Structure formats: C-alpha cells, structure tokens
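Below are two complexes that have chain A in common, paired first with chain B and then with chain C.
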Partner chain A sequence: MNYEKRTFSGGTHIQDFKEFTNSLETQEAKAPAKVYIPMSMHIGAPSKPLVAVGDLVKMGQKIGESQGFVSVPAHASVSGKVIGFKQLPVPNGRMADCVVIENDFKDEWLEGLIQPEQNPQALDAKEIGARVLEAGIVGMGGATFPSHVKYAPSKEGKKADHIILNGIECEPFLTADHRIMLERPERIIAGLKYMMKLADCPKGVIAIEENKMDAFELMIRLTEQDSTIETIVCKEKYPQGSEKQLINAVTGREVPPGGLPMDVNVIVNNVGTAAAVADAVEFRRPLIDRIVTLNGNGIVRPMNYRVRIGTLYKDLIEENGEVIGDIVKVISGGPMMGFAVYTMEIPVMKGTSGILVFNEESQVLKREEEGPCVRCARCVDACPMGLEPTTIVKAAKRRDWAKTKACDVTSCIECGSCAYVCPSMIPLVHYIRLAKQYVTSKDGNGAVNPFLV
Partner chain B sequence: MESINKPLILSCSPHLHSRYTTEKAMRDVGLALIPAVAAAVFYFGFRALLVILVSIASAMAAEYACRRIMHRGNTLFDGSAILTGGLLAMCLPPGIPLWAAVLGSVSAIVIGKQVFGGLGQNIFNPAHIGRAILLASFPVYMTTWVPTVGSSVDAVTMATPLALLKAGAMDQLPSLWQMFVGQIPGSLGETSALALILGGLYLIYKGHVDWRIPASYLGTVFVLTALFGMIKGFGMAYPFMQLCSGGLMIGAFFMATDWVTSPITVRGRVIFGLGLGLLTSLIRLFGGLSEGVCYSILIMNILTPIIDRYTKGRIFGRAK
Partner chain C sequence: MIQAIVILAVMGGIFGAVLAVASKKLAVETDPRVDEVLSVLPGANCGACGFPGCAGLANAIVNEGAPINACVPGKEKVAKEIAAIMGLNAAPETVRKVAQLHCNGTFDNTKPLYEYKGVMDCHLAVTQFGGPSYCYYGCIGLGSCEQVCPFDAIHIGENRLPVVDTSACVGCGICANQCPQKILQIVPINKQVHVRCNNRDKGKKAMDTCKVSCISCGICVKNCPEGAITLLESKAGSVAVIDYDKCTSCGICVAKCPRKSIHLDPPIDPELTICEQPKEPEGCAACAAKSVCGLH
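On to the complex of A and B.
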C-alpha cells in the first residue's frame, strides 16, 4: 500500500542502529533486590515521601505525594520494606532524593489495584483525569511532563482538536516505542480514546516513522474502523519525533517560539504514555515499570526490557550478563539527546527509554578534535527550527550573549542535528546551552548561576 | 563486574556524529579537480603538472611557516593549503615562470588566509587573492598564453577565445566544441569546461556544493550575454562561448562555492550567484579587462556578510 509520508523542513538523516533490538520481544527484567524510587521523575515540583524507614509497602502503593499542580505521585515498584532514603544522581546531572525499598520478591499488589473496571466507558472526563494523576503518569518519551497537566482546561479556554500519539522514536538505537506498538497496540488505542475523552477532542492521530512499517500496518489495521482515529506515516528523518516538528508534519501548524502545543490546539503524547493511561483508567494500575532498550557495544545481548522503576542501571546491565571490554560511556536515553552519565548507580525513571553502554572500541562514539568553523552551513541547512547554529555559537564563544539572544537561541530544541553534521566537530549544542543559560538568567548575564560568571 | 565501576566519560549531546569531516570534504574537492588536472596535462603537457606541483608545494611551505611563526597548531594536512595551491595553479597560464607561481601561492596563503587567522577566517577566496596579486604585478606573464599541445598554430603566444570575444573577432574563434573540451589556449584549469562540469557535478552530488551558486551564476551570465549577443548580432553560440571560456566554469563550481567565503543562507547563495553573474558579465562585456571572474568573486566575497545578514531564514513558529 502507498501512504503519503509527512515530514517537516530541515533536519538530517541519521543511521538508526535499530536492527539490533527492533525484532526482539520485550523481556521482563528481574526485579532487583533493592529499588531506588526518585521523588522527582517528572518536570515540576518533587513529590513528598509518604513513608518512613521500616514501613512495609505493597507494589503500586503511593510512596510520594505530588506537590502542587505540576507534579505527580510516585509509587513502589516492588513489595517489601522501606530501608532508607538516599540521594542518587539522575541523568540530567542533578541529585534526587530516593526512597530505598528492599524487595521481598512477593510482588504483592496493593489491594484495590489491578481490578478491572467493570464499565470503563461510563467513566467521565473528571474521573479519567483523576486516575491519570493518581497513577503518576508523565510523558514517557523522555520529557516527563505530567500528563494530567496537558489535559487540564487551558486558562485561555483553548481546546485541542488533535491529540497526536508520538510513535516516531527517531532517536537511533531505541526500540522501546516500536516494541510497545507491536506488542500492546490495543492498549495504546484504548489510551488514546481516554485521552480524547479527557480533552473532549474529536480527533486522535497515531504517527509512526517509516522505519517501523510493521507497527504502522498493524495500527492501520486496528484503527481503520474508527473514523475518529487516523494513523499516519512520517518520513524517516531526524528529529521527526520532536514535538514541534511532529505537529508541523501532521497538521501543518507551527507552535510559536516559547509556546506550547496547546497554542495551536494540539496535545502530543508518547505511545507508551497512552498504554499507561489505559492501564491507569481500566485497572487503576500506577506507572511502576516501563520498556527500556539496552544496547551499545558493551552489551552482550541487546534487549528490550520491561523494567521496574527504581532499578539501578547497574543491576539491569548485570542481569544482561558480563559487559564487553572496559566501559567508557553510558548514555541515558538516545545518542542524540540523551545524557552521558558518570556512574551506573542511577535509577531507571519514568522517562528512561534506553540505556546505551559503550566500551572504548566503539566506532559510534569516536570523535575527532574540534576544528575551526569553515562556514559550510550544514548546520543551517539541518536546523529544524530555522536557526543559524554557527552564528549563535560564534557569538557564544566571544561571550556576546545579546547577539545569541537576537539570533533566537531560546528557540533551539537541542536536537543535535547541527552538531551531528558539523564537519569541524564543533560541539554546537554545548555552546548553545551555555548561551541559553545566560540569556534566560534573570539579568541576562548569567548572574543567577554561580558557574557562569 | 570490576569494569563497570570505572569513571565514565561525560560529554554534551549529541553523542553521535555523521563522521563527515572537513578533511574528507577537502579530499573530495581534490578528487573533483582530477579531470581538470588531467585535461591540463593533456593539453599543455608536463609543464602544466610542474606548475601545479610547484604551487602546491609552496602553498604548503607557506602554511607551515605561518603557523610556526604565529605559534599555532600545524594545519599542514587539513587539506586546505593543498587545495589553495592547486586551485591557484589552475588559474595560471601554463607558461608562467615558476618563481611567479611560488609568489602567487605564498601570497594566497599568507595574505589571503593566514593574516586573517587561518582556515575559516578569511574574507576572500585565497587562491583568487594570489591570482589577483599576480595579475596586478606581472600582467604580461599572466596574459601570455601558449597553444595547446599538437595545435597547428605555430605562434609562441596567442589570444584566448575570451580576448577574441571581447574584440568581437568572431571569425577567428575556435569552434564551440573545441572550447567545451578545452582545446584552446588559456589558464591550466580553465580550458576544459567538460572536465570542470564533471568535477562540479560530483561535488553537488556529494553535497559539498549547493547547486544554487553555480546555477544562478552561470544562468545569469548566460542570460546577460545572450541578450548582448542578440543586440550585437553575434548569434546563438555567443552565450555558450562565454560560458565555456575563461575562468567561468572553474569559478562557478570551485571558487564561488568555497564554503568560507560564500553565504550560509539558502537565499543568500542565490543572490550571491546572481551578483557574480552580473559583475562577470559587466566586466567582460563593458570593462577594460577581457576576464571578470576573479574580480567578481572577490567583490562578492566582500558582500557575503551583508548578504547573510539580510537573508536570514524564518524561525520556526514565527509569522510568515
């Protein structure tokens, strides 16, 4: 069959490295002896611990209460005993307070959870919203924005006319979304229906990149009877999965700089989030696990795992087997926008879509030395936001923050296309982030950040 | 599990790179020049190769000396100096004294590039700076042309097609085919349009060169010279002869498309090409010189920053 392939302007083609894991069925990872549940796995205020050392907790029990509107609760991902609180680093470089639970390996669910709802269709939007919040659902594509906030009525009275499920997964290596679309498509569609009801939105769109045609054809088959849901295919181009670029490809609309999808009447959520929403609404199942792609040349058996939230990277890697060679780099998320972490004692969180483990022989990560900009303009052509990365970076290098601001540095989505194509190996994203720090600081001069003066 | 407790490398995303480097691009430009070099050797013999080698060697020596004197890192093998030397040689007459080639190369590297701070900082196309300096200093050497090897013409020096076009001496011109394949007197690499187009298409295919610059440049020259030819009654071959003569082809594909000195915006590249075409046509048709490519490119190089400033792309999400 021939379908119209949608896309956006700019961007670049990237080798996707998905062949290692895209045909491997998701495996249940063993729950570790201890889980470390961070109280901040979302954008917004950290949740407040509800448990004390020595407390016995059941699986799915709420152990952290949300604080404020842009916040979600956290839940125990195993049953067992709270044995302490510990500060652990999280991928973005900050430290997070974690509740440490010793696993009793009984996997006892808290009573009242995992009971199928008798008549889920009868639930009204308010109840659906309450269950989504209660289940601690956040955007699982990586941004971890609390889902109930996206669906809350907007102050300006804006209403969504499109809910787009993001099944693009344009980051190389990652196959978590691909697998969930193949393995749990009905849950994704059910979740989308609840989201549409929640937002009182007449149209749902499932967008899939053309390198996952099996998932696309499956979704087309499952949704062709439903006139309110459209499944579309997008060209394989990075960063197609970026929220703004996806909205543009699907609807032709452009989210204004500094704006949100709702400004153009769209809500975007990851396909994994939709499946989690369906589980939350129909089973009151909290978000206590997620699919994580484990890959990299240091990994013996690349795999898609269903992993309990709070599992340390180290435990998951050990379960996979002995690592190959001396591990020099571990990336949380994908290689384009993910974070390099300095330790493997980091807990899997709600937004952890992949863990990539590389040893020193990795050709993928090899970098030559930075050279001078030769004005080739590849970064300008590749920027999906229409920026001139080279101009911004030259200004940043001479600390001309006003100029970076004039060049719209704050519009940068940090997708990394510019640095990917730069023949002089200039770490453009690095300089752009630096410029953003200055530009967005209170006095426009970086003064609020002690590291930047 | 000892190996997983070692410190890990931290770095800013993206962690992946296209593995496409400036050195590779330079190598590709060098490859693209091979047909033109072969044509030069074919038409002008061993002497052509000698001029090219001397130019490259002196460009590299100048590059090395400059970096040493400035206490900067050695850039001898980034490919840039080799290309500058090679491209300059392609713009020189085959019979030029070798010391003049050396002088041109050294000027190209020192005045054209290193005084600005090296690769990426120069305002002008370095090879054309070298050529312009030679042309201003030694006009006789720079305009003394030798016939191609095996040519029936016996003269030691002869007029280029461009000079004949300028003089309106249409009856003395070689055939369009001779001009296209390069069987005409002229600078080393400027004679064979065929070889240059082959190389240029390769660069466009590899993505080094934006087709907009050669297309708008050659297109403008074609249109303007066709109009001129029509008014003067020179016939339909006239604009094609203009395209195939002098430094236009090498200028359009190899010089004007130099990354450093051409605009970075898409619209800017089109304007750049239009400006080049206009200037080249004006100089060729109405100026005192028979050739205008070199000066057009140098003049448009000056305008590159201002073109960039006024042709910025639209930021995603901003009003159209």
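On to the complex of A and C.
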C-alpha cells in the first residue's frame, strides 16, 4: 500500500544503525541484587524519600513523594530492604540522591496493585489523571516531563485537538520504541484512548517513521476500525521525532518560539508513555521498568531489555556479557542528543531509552580536527529550526553574545544536524550551547557550576 | 558636454546648500567634555566599568553622573584627569588590585574525573559534573579566563592552572565574573595570604579529592589573631575564606593549615606594571609609540 509520507523542512538523513536490534524480541533483564532509585528522574522538583534505612518495601511501593505540581512520585522496582541512601551521578551532569534497595528476589507486589480494573471504560478523566500521577509517569522518550502536567487544564483555557503519539525514534541505534510498538501495540492504543479521554481530545495520531514499516502496518491494521485514531507514516529524516518538527509534519502547525505544543492545541507523548499509561489506569501499575536498547560496538549481544528502574548500567552490561575491547565512551540515550557519561555506575532512569557502549574501534566516534568554515551552508539547509548555525557560531567564537541572540540562538533544539553535516567538522552545537548559556544567564556571565548553586 | 558639466555643477550646488542648512538645523548638541573625557580614558573598551566601552562611560560621566573613578584599569591617574575636566575633587588613592586564584589543583594534586573532548571552554565543561577534574569545585583549566581577559594578563600555565601576570592585570574583574567556578577574586595587590582552594566538602571526602584541599577543619579560624578568616557556609558545604579588609598577612594560618591550602606569597611590587618594563618597540612607528596597556 502507498501512504503519504509527511515531514518537515530542513533536517538531514543519518545512518540509523538499527539493524542490530530491531528484529530481536525484547528480553526481561534480571533484577539486580541492589537497585538505586534516584529521587529525581523527571523534570521538576525532586521527590522526597518516604522510607528510612531498614524499611521493608514491596514492589511498586511508593518510596518518594512528589513535591509540588511539576513532580512525580518514585516507586520501588523490586521488593526487599532499604539499605541506605547514596548520591550517584546521573546523565545530565549532576548528582542525584538515590534510595538503595537490597533485592530479596521475591518480586512481591504491593497489595492492591496489578489487579485488573473491572470496568476501566467507566473511569472518568479525573480518576485517570490521578492514576497517571500516582504511577509516576513521565515522558519516556527522554525528556522526562511529568505526564499529568501535560494534561492539566491550561491556564489560558487551551484545549488539545490532537494527541500525537511519537513512534518516530529518529535517534540512531535506538529501537526501544520500535519493539514496544511491535510487542505491545494494544497497550499503546489503549493508553492513547485514555489520554484522549483525559484531555477531552477528539483525535489521536500515531506517527511512525518509514524505517519501521512493520510497526506501521501493524498499527494501521489495529486502528482501522477506529475513526478517532489515525496512524501516519513520516519520512525517514532526522530530527523527525523532535516535538516541534513532528507537530509540523502531522498538523502543519508551527509552535511559536519559546512556546509549548499546547500553544497550537497539540499534546505529544512517546509510545512507551502511552503503554505505561494503559498499565497505570487498568492495573494501577506504577512505572517501575522500561525498555532500554543496549548497543554499540563494545556490546557482545546488542539487545532490547525490559529493565527495572534503578538498575546500574554496569549490572545490565554485565548480564549481557563481557564487553569487547577498551571501552572509551558510554552514551546514555542516542548518539545525537544523548549524554556521554564517565562511569557505568549510573542507574537506569525513567527516561533512559538506550545505553550505547563504544570501544576505540568505533567508526561512530571518529571525529577529525575542527577546520575553518568553508561557507557551504549545509548547516543552514540542515537546521530544522531555520537558523543559520554558521553565523551564530562565528559570533559565538568572537564572544559576541548580542549577535547570537539576534540570530535567535535560543530557538536551537540542539539536535546536532548542523554539526553532523558540517564538512569542516565544526562542533557547532557546542558553540551554540555556550552562546545559549550567555544569552540566558541572568548576569550574562554564562553557566555557573551546578554544585555551587 | 558643456550641458553635462553645467547640470552636475548646479546639482552639486543645490545638494551642498541643502547639506549646509541641514547640518545647522539638525545639529546635535554634544558636551565637549564627553570628547575630552574620552580622550583620557584608556581606550581598551574592556567593559569593566559596566558601560558599553570607553565612549559609553565618557558619556555617562558627563551626562548621567557616573562616578569619575569608574574606569577600573585607569585607576587614580585617569580619575584625576577626569576630575580636572569635570571640575571635581579626585577620589583618594587606592591600592591596585589583581586577580587571585582560589585553587591549587594542579595535575599532581588532583586527578581527572573524565577526559573532556569538546570545545575548550570552562562553561561547557562545568555543566558535566563541575568539569573534568576530580574536584567538583576547583579550576577546570580550559582557560575561559584567558579568553576573556582584555589585557592578556592571565594564561593557563603548565600545570593547567591559570597564572596571573600581576604586572599586566588591572583588576578589572572580567575573568572573576566569568569563571564558572567563581574561583578568581580581585584582591588588593599588597595582600599576601590567600586560600588556594574552593572545595566545599568536609573531612575525608575533601581529602580524597585533592592533596591540598581545604577540609573545613577550622584550625585557621581558631588561630587567626585578627578574626579575618571564616568558614563560608553555602548549600554545597563550606570553605575557608579570608576577609582582606582584616587580614594583615601575618601568615599564622599558613603555618597552621594541616592541608597546606593557605599560601603566603612573596610581595608584589605594585608599581611594576607592564608599561614600566623595558620593552623593545614592535611594529611600525605608529604602533610602537603606543604603550601596551594604552594608559601611559
């Protein structure tokens, strides 16, 4: 069948490296002997620990209470005993307070959880919203924005007329969303239905990139009968999965600079989030695990794993097998927008979509010396936000921050398309980040050590 | 031919007349003192005064009542000249100030946390665990200070820490403001005792980080006869800090500090500025005649 392929302007084609894992069934990772549950796995205020050392906890038990509106609770991902608190590094470059739980390997759920709701269709929006918050659900594509906040009535009385489920997964290597669409499509659709009810929104869209035709065809088949849900295919182009670009491709609307999707009456959520919502509403199942793609040339058996939140990268990689060669880089998330981390003692969090482990032979990491700009304008063509990266970067190198501001540097979504296409290997995004720091910092002096403030 | 010349001549005459009238009618009154003040300012456009360049300050002094000693690098010499132009009394002389670094985390004293690969700027590295050094609070050593110094007075040395050239530093404070670790401080040049650490951890944790870390033991605080040294508490923890108004450079804390985090520096000659140093003239006659700092 031929479908119209939607897309946005700008962007670039990148090699996707998905063939390693996209046809392999997701495996259940062993629950580790100890889990480290960070109290801030989401954007917003960290949760407040509810347990003390020595407490016995059950699986799914709330161990961190949300603090304020933009915050979510955290839950125990294993049953066992709380043995302490520890500060661990997390990918965003900070330290997070973690509750350490020693696993008793009984996997006992807290009573009252995991019981199917008799008549989930009868639940009203208020109850659905409460269950989403209670389950600690955040955006699982990586942004980790608390989901209940997206669905809270907006101050200006805006209402969504589209809920877009993001099944694009345009980052290379990652196939977690692809696998969940193939393995749990009914859960995704059910979750979308609850989200539509929650937002009182008449239309749901599932958007899938053309390199996942199997998932697309499956979804089309399952949603054919439902006139409120549309499944569409998008061109394979980076960064198709970025919120603003996806909204543009699906609805033709343009999110204003500095604005949110709600400004154009759209809510975007990841497909994994939808499945988690369905579990939360129908089973009161808190978010205690997620699918993580483990890949990179340092990994023996590239694979998608269903991993308990709080599992250390180290434990997961160990379960996979001996690493190959000297590991020189570990990336949390995808290679384009993920974070390089310096240790494997980092816990899997709600937003961890992938762990990529590379040794020194990796072609992906090869990067030559930065050369002078040859004014080819490839970066300008590639920028999905319509910026002129080369102009911004030239100003940033002169430390002319006013000029970078005039060039609208704050609109940059840091997708890395410009740096990817630059024939002179200029790390454009680094300079742009520097410029953003200066433009957005209150005193105009750039970033300050996060440990000091 | 003749016709063309006549037409051009007439047009030239008309435009000339229009311009002559316009320049009279539309003339903007400028206070001649603005130009005079501008002529005595160093012309470095360093921005340390907080105004957009020397011209901005000149205008502000004459028209907005900005202080006559606002030019940091110009110091009292320039302030006096401005005072003469403005018909005011010059501010009392003050001691010259220079930048001091509160870290001694050299390659030998601390270790790397990770290898930083990216654009060499402390601001970019600091967002990842406070920089590639094992100490979250110490100097990152990628030289943002060196890049922003308008007087070429601070340079990353061999052991990765910046070294201030006290003969060239004018104490403008630009590096101190921009350092993402906030470990540069502008200090009177006659002060000799400095805490060379910014680590906020206490006890063992600080000890493991670096060989010369302040561990917040407070021995210096107890021993200072002037009460000049305190433990500065912040959300991150605490570190010893000297109040330079009280410090007499007696050096007792230096001897008592079990971690050798406080240093007693040799005195710096405040008169020795880069201009007094013998210097071979460089470039063509016009450039060579100008001094390096633009002040003398």
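In this text, the second predicted complex is superposed on the first by the 443 of 453 C-alpha atoms of A that agree within 3 Å, B and C clash if a C-alpha of one lies under 4 Å from a C-alpha of the other, contacts with A are read in each partner's own complex, and residues count from 1 in each chain.
Following the convention adopted for this analysis, a contact is a pair of C-beta atoms (placed from the backbone, for glycine too) under 8 Å apart; a residue touches a chain by one contact, two chains touch by 3 or more.
Every value quoted in this text rests on a predicted model; they were computed, and no experiment measured them.
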- Message: I'd like to know which partner A:433 touches here: chain B for first, chain C for second, both or neither.
- Response: both
- Query: In the superposed arrangement, does A:94 touch chain B (first), chain C (second), both or neither?
  - Reply: second
- Query: When the two structures are overlaid on chain A, which partner does A:202 contact: first (chain B), second (chain C), both, or neither?
  - Reply: neither
- Task: Mind working out whether A:399 is in touch with chain B, chain C, both or neither, as first, second, both or neither?
- Result: second
- Regarding the shared-chain residue A:321, is it in contact with chain B (first), chain C (second), both, or neither? neither
- Task: Mind working out whether A:342 is in touch with chain B, chain C, both or neither, as first, second, both or neither?
- Result: both
- Task: Based on the superposed arrangement, let me know which partner A:256 touches: chain B (first), chain C (second), both, or neither?
- Result: first
- Item | Doubly contacted residues of chain A, that is, touched by chain B and again by chain C | 339-340, 342, 427, 430, 433
- Item | Complex interface listing, chain B residues touching chain A | 1, 3-22, 24-25, 78, 118-121, 208, 210, 259-266, 312-318
- Per the touch rule above, chain A residues touching chain B in the complex are 12, 14, 172, 244, 248, 254-257, 259, 314, 317-318, 322-323, 325-331, 335-344, 364-368, 371-377, 380-381, 384-388, 390-391, 408, 411, 414, 416, 419-425, 427, 429-430, 433
- chain A residues touching chain C in their complex are 89, 93-95, 339-340, 342, 399, 427, 430-431, 433-434, 437-438, 443, 445-453
- Residues of chain C that touch chain A when the two form their complex: 113-114, 118-119, 121, 123-124, 126-131, 136-137, 144, 147-148, 177-178, 180-182, 200, 234-236
